[in-house]
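Pasting the structures in now, so scroll down.
What follows is a pair of complexes built around subunit A, which joins subunit B in one and subunit C in the other.
Let's look at the complex of A and B:
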């Protein structure tokens, strides 16, 4: 079996099958269940209340996915370093990019599982409303680069910072800032600073696309600009992670 | 408060309709293809014709759609933002006898009984021309079905919690 697949398989197992991974999934389903249950019993819902909940859920899934990817990405280098397993990992006959891809493979599989868990919730609350299929497709198209980008970002941070805790703090602050459009309505982002922030923030791009497709019934094809922002983010984060891993390889005792 | 707003809006519209509409008149009619008993999520369309009935041209025409809910106890003006992207029609001028036709599509967002009216003003006139009312009732459509939500919202966390417990016991 390819070493990349071996690393990805090991990461996936640790993420999904051990207690830590199951606790993640339980927390995510508890949040989504809370949201879904809020709707039951409300007899004065309009079509848009229904779409609003689907939009909120899609945003939450993206945020939780990005959080998971960030933490796991950080653990990839900084965690291995603190556990003393970084040097043995670097000594394996696998290219640095292979290690990077293998580690990210674990994050990607975890994201797929989270997406899969979100589908029944979205179906339960959204199948009688509007734009459910389009919303799911938008989540896959724009949520995936955002989530994987945060995984790469975490790897890059973990490679550059000597302590995992410092990296975690910086990463969480960055994620909080990026995910702020989930709680700040569009009217609060209409200032020049808000618009500039929206233009470069991949999370804003994803959230704006969710809003446009799920609530405003716009076509997914009209979200190309938002997709580009998320793909640029993914490319920049990949570059950040690759440079960080190479730096670790150069400066570590085995480099 | 809502009742007061509704009463004020209705009074203004009726007063304007009762007054001379100057050289402009407006007709409003539902599209014959509209569903007979529409429900939430359906689309309706209305057709309006603004006509200059005077002998001279009228400049700066603006016509706009208003929607109010008229259910007892729920009387209120409705924000058209979610219901329609087409909220107004304009024309630089209407010559004598000329007409301006417009389609007013509506997406039915919430159940209830509603009334729409098209109002028109021109640049010179201080008067408002209003169309006849068009009323329609939107049937409720279940947006969330609890028999779908409950099994998922309760079942999935329980399933994962069971896996967590099993994993802990398995060591």
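Let's look at the complex of A and C:
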């Protein structure tokens, strides 16, 4: 078996068989449960229409998925380094790029698992309307690069910073800033600063595409510009992770 | 030479950790790297493993630069890093199987159990590493280092966390490997490890090699192998023997230091010829410990 697949398999085990990974999945599922409950309640009270509820849920799944990917990405490098299990891996005859790809695979698996967990919640809030398929499709197409980008960003941070905790805090700040469109709402985004922020923010690009496809029923093929923004983010994050993993080394002097 | 390090200088985070480190390790040799905490032993090992880049000096493993040719070098060496961690959710067999596969090797379950048994590790069926004791983890790390029968082992505190029997088992394993030509570089604080295992040692103090060589030669040159207890049948004659100094007396037992420049057997001949009625000769213990303490005191080069 290829070393990349072996390492990706190991990372999957860390997520699905280790208590730490399972605890994170439990926390993310609890967050989705809470939001789904609120949205279902709003729908039943006719406060939100079905398209709006699916749009909100898809955005939340993207944010939660990005958070999980960030944590997993950080853990694959900084967490392993702190637990002492990274060095034995670096001392195998596997190329750094092979290790990187395996660990990227671990982040991708985390997103696949998160996506799978999100499907029942999307179905719960969207099955009564016509927007569920559009929601799942846009989430897969535009949410995936955003989420994976945060995972790769976490790996890059983990490779550069001496402590996983520092990387987590910086990553969370970046994630909260990027995901602010979900909180700020549409009016602020019409300002010049808001438009500029939207133009470069991958999260905004994904949310704009969700809005256009799920609420305005536009064709997904019309979202090429938004897709490009998310793919550029993914490419930059991948470069950041690759450069970090290639130079990863211990950063503290020792006996 | 399996490892050659010369004039190694290395900075970490702006601070110079290694100023001038040298060591060389040949086939079938066990080399002990000694030094106080923070002296730079693990940093030296990290440089030898290709994990850290030197600022100056040379590091060669199998005649190659371990950073530029990391994959080639790593394919032929086994390493047990300090504070090595494990995947707690895996079983020992699965862990070894994972690393074997990364080296392009495939072992059957019975071969994996055999690899564990070689280091006296017999976990319960299905027991995950998370429930291993510290000693079991240390043995598992050693099994991983030995996985591909490498010609070179680099071990950082290999007997740390082991009980006396476990340490003795590891000693026997390492001595057996050295007899088969495996070169072993080990960093340790335990002078008993050095005494039993090492053919040569290097002592690092504040990032500098202050002594390197054969243990017996170093003890001789540094004069820490020169204290003896003699049981005499009667008082020694009043005439002094120039290269012997009496340090202490306890009944029939006399403690003497002999001049490092003189071979011990010649000294005994001189004493007997001078009228000393020597009944027993014992070398004082702690020669290596005294040497280590003297060389590491104050951090000055010897």
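One rule holds in what follows: the second predicted complex is superposed on the first by the 235 of 255 C-alpha atoms of A that agree within 3 Å, B and C clash if a C-alpha of one lies under 4 Å from a C-alpha of the other, contacts with A are read in each partner's own complex, and residues count from 1 in each chain.
In the analysis below, a contact is a pair of C-beta atoms (placed from the backbone, for glycine too) under 8 Å apart; a residue touches a chain by one contact, two chains touch by 3 or more.
It should be emphasised that the depicted structure is a prediction, and the values quoted were computed from it without experimental measurement.
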item	value
Which superposed partner A:30 touches (first subunit B, second subunit C, both, neither)	first
Partner chain(s) touched by A:18 [first = subunit B, second = subunit C, both, neither]	both
First (subunit B), second (subunit C), both or neither touched by A:130	first
Contacts of A:48 with subunit B and subunit C, given as first, second, both or neither	first
Touched partner set for A:94, first subunit B, second subunit C, both or neither	second
Touched partner set for A:236, first subunit B, second subunit C, both or neither	neither
Partner chain(s) touched by A:170 [first = subunit B, second = subunit C, both, neither]	neither
Partner chain in contact with A:83 - subunit B first, subunit C second, else both or neither	second
Common interface residues of subunit A - those touching subunit B in one complex and subunit C in the other	17-19
Sites on subunit B touched by subunit A in the complex	40-41, 82, 108-110, 141-146, 148-154, 156-157, 160-161, 163-164, 167-168
Subunit C - residues contacting subunit A, complex	12-13, 15, 17, 35-43, 46, 49, 51-53, 71-72, 74-75, 77, 79, 81-90, 98-99, 101-104, 141, 144
Contact set on subunit A toward subunit C in their complex	1, 3, 6-7, 10, 13-14, 17-19, 80, 83-95, 249-255
Subunit A - residues contacting subunit B, complex	17-19, 22-23, 25-26, 29-30, 32-33, 36-37, 39-42, 45-50, 117, 120-121, 123-125, 127-130
